[in-house]
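Before we start, here is the structure in question, set down as structure tokens.
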Amino acid sequence: MKRFRWGMIGGGKGAFIGGAHRIAAKIANSYELIGGVFDVNFERAKEFAFEEDIDLKRVYPDIDAFITSENKMPSSERIQVVSIVTPNYLHFEHAKKLLSNGYHVICEKPVTLSSTEAVELKEIAIKKGLVFCLTHTYTGYPMVREMKRRIEAGDIGVIQRVDAQYLQGWVNPIIHGGNARLSVWRLDPKVAGISSCMGDIGVHAFNMVEYATGLMVKEVLAVLSTLKPENTLDLDGNVLLRFDENLTGVIRSSQIATGEENNIQISVYGTKGAFHWEQENPNILKMMHEGAPSEIITPGYDYLSSFARDSHVLPPGHPEGIYEAFGNLYKGAAMAIRGEQTVPGQFPGIDEGIRGMQFIEAAVRSNKEGNRWVSI
Amino acid sequence: MKRFRWGMIGGGKGAFIGGAHRIAAKIANSYELIGGVFDVNFERAKEFAFEEDIDLKRVYPDIDAFITSENKMPSSERIQVVSIVTPNYLHFEHAKKLLSNGYHVICEKPVTLSSTEAVELKEIAIKKGLVFCLTHTYTGYPMVREMKRRIEAGDIGVIQRVDAQYLQGWVNPIIHGGNARLSVWRLDPKVAGISSCMGDIGVHAFNMVEYATGLMVKEVLAVLSTLKPENTLDLDGNVLLRFDENLTGVIRSSQIATGEENNIQISVYGTKGAFHWEQENPNILKMMHEGAPSEIITPGYDYLSSFARDSHVLPPGHPEGIYEAFGNLYKGAAMAIRGEQTVPGQFPGIDEGIRGMQFIEAAVRSNKEGNRWVSI
Amino acid sequence: MKRFRWGMIGGGKGAFIGGAHRIAAKIANSYELIGGVFDVNFERAKEFAFEEDIDLKRVYPDIDAFITSENKMPSSERIQVVSIVTPNYLHFEHAKKLLSNGYHVICEKPVTLSSTEAVELKEIAIKKGLVFCLTHTYTGYPMVREMKRRIEAGDIGVIQRVDAQYLQGWVNPIIHGGNARLSVWRLDPKVAGISSCMGDIGVHAFNMVEYATGLMVKEVLAVLSTLKPENTLDLDGNVLLRFDENLTGVIRSSQIATGEENNIQISVYGTKGAFHWEQENPNILKMMHEGAPSEIITPGYDYLSSFARDSHVLPPGHPEGIYEAFGNLYKGAAMAIRGEQTVPGQFPGIDEGIRGMQFIEAAVRSNKEGNRWVSI
Amino acid sequence: MKRFRWGMIGGGKGAFIGGAHRIAAKIANSYELIGGVFDVNFERAKEFAFEEDIDLKRVYPDIDAFITSENKMPSSERIQVVSIVTPNYLHFEHAKKLLSNGYHVICEKPVTLSSTEAVELKEIAIKKGLVFCLTHTYTGYPMVREMKRRIEAGDIGVIQRVDAQYLQGWVNPIIHGGNARLSVWRLDPKVAGISSCMGDIGVHAFNMVEYATGLMVKEVLAVLSTLKPENTLDLDGNVLLRFDENLTGVIRSSQIATGEENNIQISVYGTKGAFHWEQENPNILKMMHEGAPSEIITPGYDYLSSFARDSHVLPPGHPEGIYEAFGNLYKGAAMAIRGEQTVPGQFPGIDEGIRGMQFIEAAVRSNKEGNRWVSI
């Protein structure tokens, strides 16, 4: 059998992100959904399994039942890789149990609630020789990958300015519209962790910055805002980045940028040229040059790096979207699980998870301690 | 079992359009690929099936073997619906045999090589009570569907101008680059039919015009170009449209518009407002108003028609692409096969196929007969 | 004195096009407004002159008074060049009288009501050795000029497709809103001539086609629409163009494209590359390439042709607009009047006026005679 | 005479910004250039005057000669208003002498080298009852003015996020290309003052923020970069803004953003909606709404505020540019000099100059003192 026996924790009926994982897995063409813990409501979990033609015996009420039962199966039948699509605060427990029991893991971000937990997961994964894939989906876009490769190749020279943003507006009606605040788990510290805006989306921008540039942020200086005193977690903020003595940057992020949908952008300026990319029109990569016309780079061409070419199947002008970017991560994880050679940036792993948690922690701390520089 | 037992004719290894059908079917979540005639090369067909975890007994060397074997299976195991992804000249034969033997059909366009053949298919499908879906993929985009619904609802008043284009440049290097001409089947009349540019892509623009406006074109006046005498089929052309006494329009189409990728656009102007849509950035629908700001309509919002809402799963700002548009057609066909209620425009059928063939025939005839008006 | 003594016929108070000419003349820095026939209402003409600090003795009630008085002045005081900004039907009479009396002329388009009249003007201008500038303003944009030069230089190879459009919506509320029709002189055949849409704006698109490509249109096939029987003149239309055996093109033009502002676009496709330009964002010229990224060409760079460089004063990113394009025509006319060397395309002259009238006449005739090909 | 007798200090031959002032003044139609100190090279100044038809007796070798001579003229002949277009370090001296002697002043920014100097200018201007106009040109764009009016009117509710940028790349080749550094006066502290990037362009973004929002920035936290130790002044930086407890913002500015031309943008997010504007395509104002389509607002419509309508002469779709924005400032200054009623925001004055200097000083100090918050 060519496809991995695949399981899910969370992501059942009505969870759009669960559906996105399934489509990504199908596009990757290497995963067959066999079982899982699809829902906290067991009946609903079974309904979901029925609709998906999944054997009801492989539907489990919780993670422990999953592990106990699957562990008993012969290795030729046992689920091999599991995707974790639960609320943030459960990621660590679920990932730890799965890794400890020998399952490859594909996990939603943020990977854990703290960097310490993330480091612990890394140790287990290494010890067990397992693949851990963290779904920083936006790194799966072909034009992001082209940007990464060209920066690696020195096409824009030495980097001298980095700008990233992740702007959304969806929290705006919630906080202004009445008492809906508590029903949204991302705004609840017990479920979401120490940060809303930076933890949920700022961290994507941070990941994009390190992914595209290949550089490591050394320090951050953050100014975060809850907008109103009654909001516990940050909903908006600007985080200054320091890479080294001469290179700084900035991440702007908001969940109350009214009218913004999912507006992730990055600009990287070098001594010789620059790149600009926008997620809402993801098949365009703008390359700027010193004293020469800007170029509009699009998928599907032979002139692209093999990494970008392999990340887009269709000919030029046939817009692939976010599911396909997501599918590229699943494809990368499948390659790693099969022991195939992967290339740098093929999929985000636990290291990216640790970096992300360190970023969130440093940003929150910088904000609390008077907007001072905090090391990552 | 919830998913249909699904077969394919054509579309094996290396055929990007075949891969697109499979991803569309997976996104629709209602089809399980069980067997088919994947390749003219039977060995390669089996390799493909092996990689796709398909039972090799359901891999057939040709359409007749397919039908003979499948017909013998109990109805609970027999393939239920078949996608035809072969070169144009085979569509009719394959569709006719499949429909005659009781298989639902999903067919690539152009549906046949003549409107007479298309009419014959329609008669069989009606007689047999079968679903016939023609993959005019672009009608699956949520913003195209929103445009259609708003025009139906009278939001732009009475239509007074229609502009459509489908511009590509891919044939350019073939015809200028040497003797590669014959290797490209779309330029060979025996395989492609009576037209290249109008038959392959102009017909998409024509379908988009009738789909979006809800109007029927009555006459066309075409000027087609082969660019060079040695090219047999048209590679470029402009087709004037007449809807009625006061309403005309134009379709511009080219395969030698150097540098164009897959540039389909439509503009529909009414007495009260107008729409403009571009396939290469498909999640934007521009609505223009008399003396008021234009609006940028995007997927994922409650304010959209239920048809558009149902055609885009993810929240605003998460760009779905052409596979998802394609998946929407497969979803529509699945609803029809299950006998569920469909809405107007849910998927293109044999009627759209007949219209398309009539358009191609009329355009070619108008061009041959001195660029005169020819009725459709 | 460095600036020409300049006069105007028409263009007084409240005429936006007259104001545009004055700003263009000021930007060109070579014209001083000395006198003219500013208004059919002589009192209003004097009010205008007073506000503009113009000597009231040089304000004339009509063209004959203008000529009689100015002719009597010593040549060192006499007005040297005159801009004609009157309704279409008066252009011929005014231009003829001015040229016959030795005045250089800058004239709004359409130059006359017939090509015969335009030819007559040409003969007088040649005989008298005078400059005649026709304000096809859009040819003054630096990026249009860059496109022209690059096409001349063979940068896109042999042209194989031409698309142009000029879409406006301003007539829409007039024809649907009641009895305002007659008050708008552009819709009145006595004032506007034989065509509204083609005569007023289609002719700009035609001029742009010949200007940018350097080619001559040989034949046209037009389908024009009055939308409603009670409208006398065309308000919308599509005109197919034939350049030679293998090259055709199309001009789409409308005054009832609801919501469109002043949407002029041109695309020229060659064997090696292509250009696309849009007037509403005029400082961007898109150059498309075979199998390579598109380029975004903008003003202010050394890499541009000297013609484009000379047509934009400010550094990159400082958007000059339509007044500056207009100013470039006035600059070109000034160079010609001074006897300086001009370059091809520096300003449109009477030949462009003749071509434009021939285009309008051929389009109207083609439409009347059953949409047949008519030679220009 | 309706036009003011106008003089210039600086701005002679070869100074593009001087040419821009002259075109702006011509567009405003209220200024006649009579004399000035056009150049440090007196011969070149006279050549310039000759070419511009300016009486050579009104060409002066320096500011003192200007004042001495003009003061002796009868008030009906004396220059009334003077534009200062000299390098930064001379603004204060020139403005002080002119104001003290009763001349209205139009001054390039930054107004002075320190806020103390700017305050001194304000005191003189008030005492003398003179108009002082500071050319923050970008506030003259009609769509910026529409944004300002709509924010004032509460159309987007209470502001909760502000983002501004001013990115250029022109310094990049200078600092990487060899020893050209000293020849560029903007990088020389003696001529340019304490800051290059913030002083030259960041201050425009700051002005835009306060202009558009109507809010005052209370504190800034700046991280500035010279990129290399040998550069004395900042070439790049990010400045965090604090308006009050709950509202922060950020200004990003760079002169080494390779490939950027003159990329000023601002986004203002409120509880009910948001605005986004980009200088390089200035005739588009994007208005975003909570749960409704974005709107594209353009000039020339009746639905606009009277302030925006009065700031754009031509009909929709006729792109006016930066000269016209500049001309709107000159128009505003002329209204004020005539004693006519002006509206808020009609032109920037000395108060905006003081604010700008305070911003530059606070940003430089914050950066020097460890990136701490500094009050403005």
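Per-chain residue numbering starts at 1, and chain names A, B, C and D are given in the order in which the chains are listed.
To be clear about the criterion, a contact is a pair of C-beta atoms (placed from the backbone, for glycine too) under 8 Å apart; a residue touches a chain by one contact, two chains touch by 3 or more.
A quick note: this is a predicted structure, and the numbers were derived from the prediction, not measured.
**Q** Write down the chain pair with more C-beta contact pairs when B-C is set against B-D.
**A** Higher C-beta contact count between the two pairs: B-C.
**Q** Farthest from chain D in C-alpha centre terms, which chain would that be?
**A** For chain D, the chain whose C-alpha mean is farthest off is B.
**Q** Find the geometric centre of each of chain B and chain D from their Cα atoms only, then give the gap between the two centres in Å, rounded to an integer.
**A** 55
**Q** Taking each chain's centre as the mean of its CA atoms, how far is chain B from chain C in angstrom?
**A** From the centre of chain B to the centre of chain C is 43 Å.
**Q** Listing for chain B: what residues touch at least two other chains?
**A** Those would be 260, 291, 294, 298.
**Q** Taking the complex as given, what residues does chain C use to touch chain D?
**A** Per the touch definition, chain C meets chain D at residues 1-3, 16, 19-20, 23, 26-27, 29, 50-53, 168, 170, 260-263, 279-283, 298, 300, 313-324.
**Q** Which residues of chain D touch chain B once you look at their complex with the stated criterion?
**A** Where chain D meets chain B, its residues are 286-287, 291-298, 301-303.
**Q** Chain B touches which residues of chain C in the complex?
**A** 156, 160-161, 163, 165, 169, 172-173, 176, 221, 223, 225, 227-228, 236-238, 240, 242, 246-250, 252, 254, 256-260, 267, 269-274, 288-291, 294, 371-373
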